[in-house]
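The structures come next, written out as structure tokens.
One chain, chain A, links the two complexes that follow: it is found with chain B in the first and with chain C in the second.
Right, the complex of A and B next:
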């Protein structure tokens, strides 16, 4: 037998090499499809605009916004009640989740439609009211809670149940030996979801509900950057101080107190509601049983296929971009690299990017760069990449490096990344569902994804078309989630624990 | 004089669907007998105890090896779980919010006797290993059943305490089967020894006919020179 030949580029069958080939495949696909994306910069002087924005951020004007306190209170109130109702709906569903295909399907459907689209739909019935805002959060959250709670409950240790005396009832068993074992995890996830609800609640301002986002959008759009800066700082402050004002004992009082601010409650005409649900949402030819008419109706939807194509393309670009950002950014926040100053700055930057909702980021980039796919891509890549980088850095910090001292690149490429990469990729593929959800949403800023057509259909009161596009969006999300689940690294090594799904879903 | 037979295995195979743990098992548990179950780790003591538990059903109090406690709940609630099946679901839920007065009094007396006084309200997660062990014993005693089945209930307590706990268990249960590693304890406080080795019952004899050396033979790793040194481990 002759000497063994060194393997060629990326050849070999180790776990990490397979992952590397998979990720490079993703990036290659992305490069091939890049010419189809509209990435033009259409503003004349983006740098001057950026300067004015930064100036606004550095010299915020906290007194410019009227009724700022009211907007903050509404933001918190919507988030609280949306999370609370989502939890109350989601928990019983979680108990049925693994037993009923119907429940799983229903949950996948409600969570596939973004909060803002729910808001657009509910807006038609309940107007610009708290009912719209709270239901828009509670419905998708119920689906998310059902899924994640079910996953957590599945991990309940068996030993306490086995120790119970024979003949113990189902309910007693659950209350004594099962629920207490996972209570901390359930509570932790609910708390995290409340933080997500705060971001979503801000976003509800984009469809006209009077939260912080409403004032933010108008301030940005009208170039009042000092006011916009103040509102952004306000938002970051609110998120950062969550641990302090979101105390377990304080939350019930906040929830009760906010009830007084949420009114006036809308009068809903039952016959109009019924008409909306049974007639307005469905294509007329379908209701009349006119099949050729239905075909024509379908053909009348403008640019359906390009919209689906753009949604998928942006989703793919966003996922690949997040991968690159995460790979580059995680060392910034890890204790294995840099010094204390770079780490504080790195962590701060990542938290800032992570806390800013994508739509907000995309909106800011849109003002800078003009309407194309570029601002949406940047926003998706930065937000999701930062989120993943933050979690990966936390993973990295759990390792102690022993062995000979290595250079920074040595540590990165030889000691740390090989242990972290499967976790990173798992997070990315979990995130793909969220990215495609948000991709559709970014259409509301004028990028020609499905969301753009949903938004304009609602604007022209073509509810049947809007509803159909919502169904298409939901179907697309469910399909992408299934694909991502298929390609997500499964044989994760021991350090990549099962906490991942909760952390990554938002 | 005839003694009632509680459980009888007749050339039975114990184990999981694929994997036989104990083959050709033949033994009888008589009422009023105190049995020590000996053998190296992983030999099938837990499998035998689980089979006994299934046969005895409502007549056996059960103290499992890894305790099976619920760490976030208080000591009181963990002990109360021993009688979960005797109350309605509503009463059990109510007890989580506000302890039942009668149960509290009874559990308090029991815990005082086990050296757990003043710990009733403390979550089990904040107890030491030995304290957890005693909570698991308290829960089994609180069941107040005819037969006590314990899977190494004395593993993480010191030798003096082990004697005291064993005395408590045996005054409350005429019949018991307890897996343990302390062979001297087995000779002093039990009527009969069941010894397992290599997937079989190799020893089933009254204690008065046995010596420490007989018990040593159950452990393949024990050299005859270190006689007695394994006790209390």
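Right, the complex of A and C next:
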């Protein structure tokens, strides 16, 4: 599979050959490591439970959830304010991004920690309040906005700046010659991030904040599938109709209106807050300067190395799996293949896959296949693969096909894929960081990833341990991101316009 | 601008509510329509205590403990272990009442028929070794703490080295679903949740059944913050306890679900605390 085994076939130094070698290298690495992954299939009779689930999805009960409207409003409110604050924090940072190592490091750190873990951390101080929810979104988003805005600003065409008279001030130059050139891209990306925020806002319900996810998780966990089905449909509908209700003119009113619902704001107990950041988060031996004690404290942390190994392995499998899913699935949603009916079905399927929280996909596979790394792998691969496929199909639709008519396979292999592949791979490598973050959420399958232990530490109220593991996770994410950046396609071929960077980062 | 000021005023005004007495409760089964059900309990308490009472819906025990610690709720219906956690975090807080069933709570070990584990009298059957096993939630007393304790006591080994796989389903209903489907060979489940599922026909006992019932231990209880008397008037703790013990309306009790409440105090939960420390879940 790897380049070393087929020197004749894949040798050469063209851009596309390098891409092919990288992809095959990724798949080969995945195959080599496969024996270390626990992929047993053990289940006997999942059909009764799956039948109940399907029945719930087909016969949803929209009246079962109390205060549904309130939950929807809060979901939107948290997402809006989280994005807004993230934007306000992120934009100034973006201007410093390429100049300050500190800013880059700080941003990498805040976005390396999953929204849910931010929420769990903030929950200890601000309780179950809007502050927790909004800050849990705004903090990582500030880091993401800083990075992506900086990358967009970097692409500003130079011509208008060069045309300015000598001695134009920095601010005027920025306001009149730089910002207008990239405004549409900045706005486009911010919109996209708002959609991500909607998904994250729902997820926040899983730790107890009163969004749609709160009711969805409870209903699903307790097997009230008619209610869970209704909530899931509601969520799909909310995401799918974003284009209508998420209008630029309407959003400020939604933001203001939602303010009324976000209270009551918590009165933060300053001593408690101080105790949390100065004592609770740190190992006691460290605070007491007891170094041998600190060694023992480290020894008490359960299985750190296997956890890191599991996290990386699942991340790698998830990334390779997403590549395969994306390659197979993107034609389903592209106008170059099939007819209008298959396309609607294909698009619908991809939207369902990418909008369904991974945790639910994982539970369905857990019932089907039994507990192992396999359900988590499939859930990650399907969710992320579908997301990438959707974006790739959109790129593909921008091309017009010329030349002699080809069969579908021919169009796929010879006309479209060569033009799309670098974009696809770039999205995949952007996504690798997110996949690593998401492995954290699948601890319920009994796979001891870092996230599993973080969740346990929070549950046992051992905040020092949780914080340490969060730091390890953040370090790991930053390292993976650095590697992914090194290997993602750098050259941009002329026919593929540079997509907004970080397009697939949610 | 005027709009903004109005918004801000509104937001601020909701924050400075007078000293409302807030409580939270998470039933061990059926968490649907929590607000509707517990608002009735709030109305009952308001009537009995003479202060404004509000129910705060909370999803997980972890969140309940932090709400209790942050003083967002002053009274909480906790599980055995989470109650101990909360009382350690908020010095002076007290267990004041427990359910009639909670003085003698049990865990059932349930197994899938195909796993060929048969009930063997008084002990957990030996053939559970090497099977796939799931707990419930990580800090559940009946789904995690006590089953782990009894497993260690009987086999002298931690679950990890005893079973081929150890999962945390996160919920009792889920444990039942996962063992029924055969995804896990056996699991540990709260006896009340199991009995209710069997009574409602939600579980196929041809596929999954009880293989062992643990000895009894104390579980769920009401815990009240220590500064309650100071804030709501002398004797408030006693009033809360009396209101809980006097609750006889089946419609209210069904929310927990318990047949009634009896007095309890912190010492009743010493065994839970000891086991928690022994297993490294408390420190």
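FYI, the second predicted complex is superposed on the first by the 468 of 506 C-alpha atoms of A that agree within 3 Å, B and C clash if a C-alpha of one lies under 4 Å from a C-alpha of the other, contacts with A are read in each partner's own complex, and residues count from 1 in each chain.
The rule we apply is simple: a contact is a pair of C-beta atoms (placed from the backbone, for glycine too) under 8 Å apart; a residue touches a chain by one contact, two chains touch by 3 or more.
Just so you know, these numbers come straight off a predicted model, no measurement behind them.
*Asks:* Going by the contact rule set out at the top, does A:159 touch chain B (first), chain C (second), both, or neither?
*Replies:* Once the two structures are laid over each other on A, A:159 reaches chain B alone.
*Asks:* Answer with first, second, both or neither: which of chain B and chain C does A:124 touch in the superposed model?
*Replies:* After superposing on A, A:124 lies in contact with chain C but is clear of chain B.
*Asks:* May I ask you to decide whether A:278 touches chain B, chain C, both, or neither, giving the answer as first, second, both or neither?
*Replies:* Once the two structures are laid over each other on A, A:278 reaches no partner at all.
*Asks:* Tell me which partner A:100 touches in the superposition: chain B (first), chain C (second), both or neither.
*Replies:* Neither chain B nor chain C is touched by A:100.
*Asks:* Which partner chains sit in contact with A:183 here, chain B, chain C, both or neither? Use first/second/both/neither.
*Replies:* first
*Asks:* Does chain B (first) or chain C (second) touch A:241, or do both, or does neither?
*Replies:* After superposition on chain A, A:241 lies in contact with neither partner.
*Asks:* Give one of first, second, both or neither to describe whether A:342 is in contact with chain B, with chain C, with both, or with none.
*Replies:* In the superposition, A:342 touches no partner, neither chain B nor chain C.
*Asks:* Which partner reaches more residues of chain A, chain B or chain C?
*Replies:* Result: the larger residue contact count on chain A belongs to C.
*Asks:* Classify the contacts of A:167 with the two partner chains as first (chain B alone), second (chain C alone), both, or neither.
*Replies:* After superposition on chain A, A:167 lies in contact with chain B alone.
*Asks:* Which residues of chain A touch chain C in their complex?
*Replies:* Chain A residues touching chain C: 42-46, 48-49, 64, 66-67, 120, 123-128, 205, 207-208, 210, 214, 217-219, 221-224, 227, 256, 259-260, 262-267, 269, 272, 300, 366-367, 369-372, 443-446, 455-456, 458-462.
*Asks:* Give every residue of chain A touching chain B within the complex, in rising order.
*Replies:* Against chain B, chain A makes touches at 159-173, 175-177, 180-181, 183-184.
*Asks:* Which of the residues in chain B end up touching chain A in this complex?
*Replies:* So the residues of chain B touching chain A come out as 57-58, 62, 64, 66-73, 77, 81-85, 87-89, 92-93, 96, 139, 143.
*Asks:* Which of the residues in chain C end up touching chain A in this complex?
*Replies:* 3-4, 7, 10-12, 14-15, 17, 29-36, 56-63, 65-67, 69-72, 85, 89, 112, 114, 132, 134, 137-139, 165-171, 173-174, 177-178, 180-184, 202, 204, 207, 280-283
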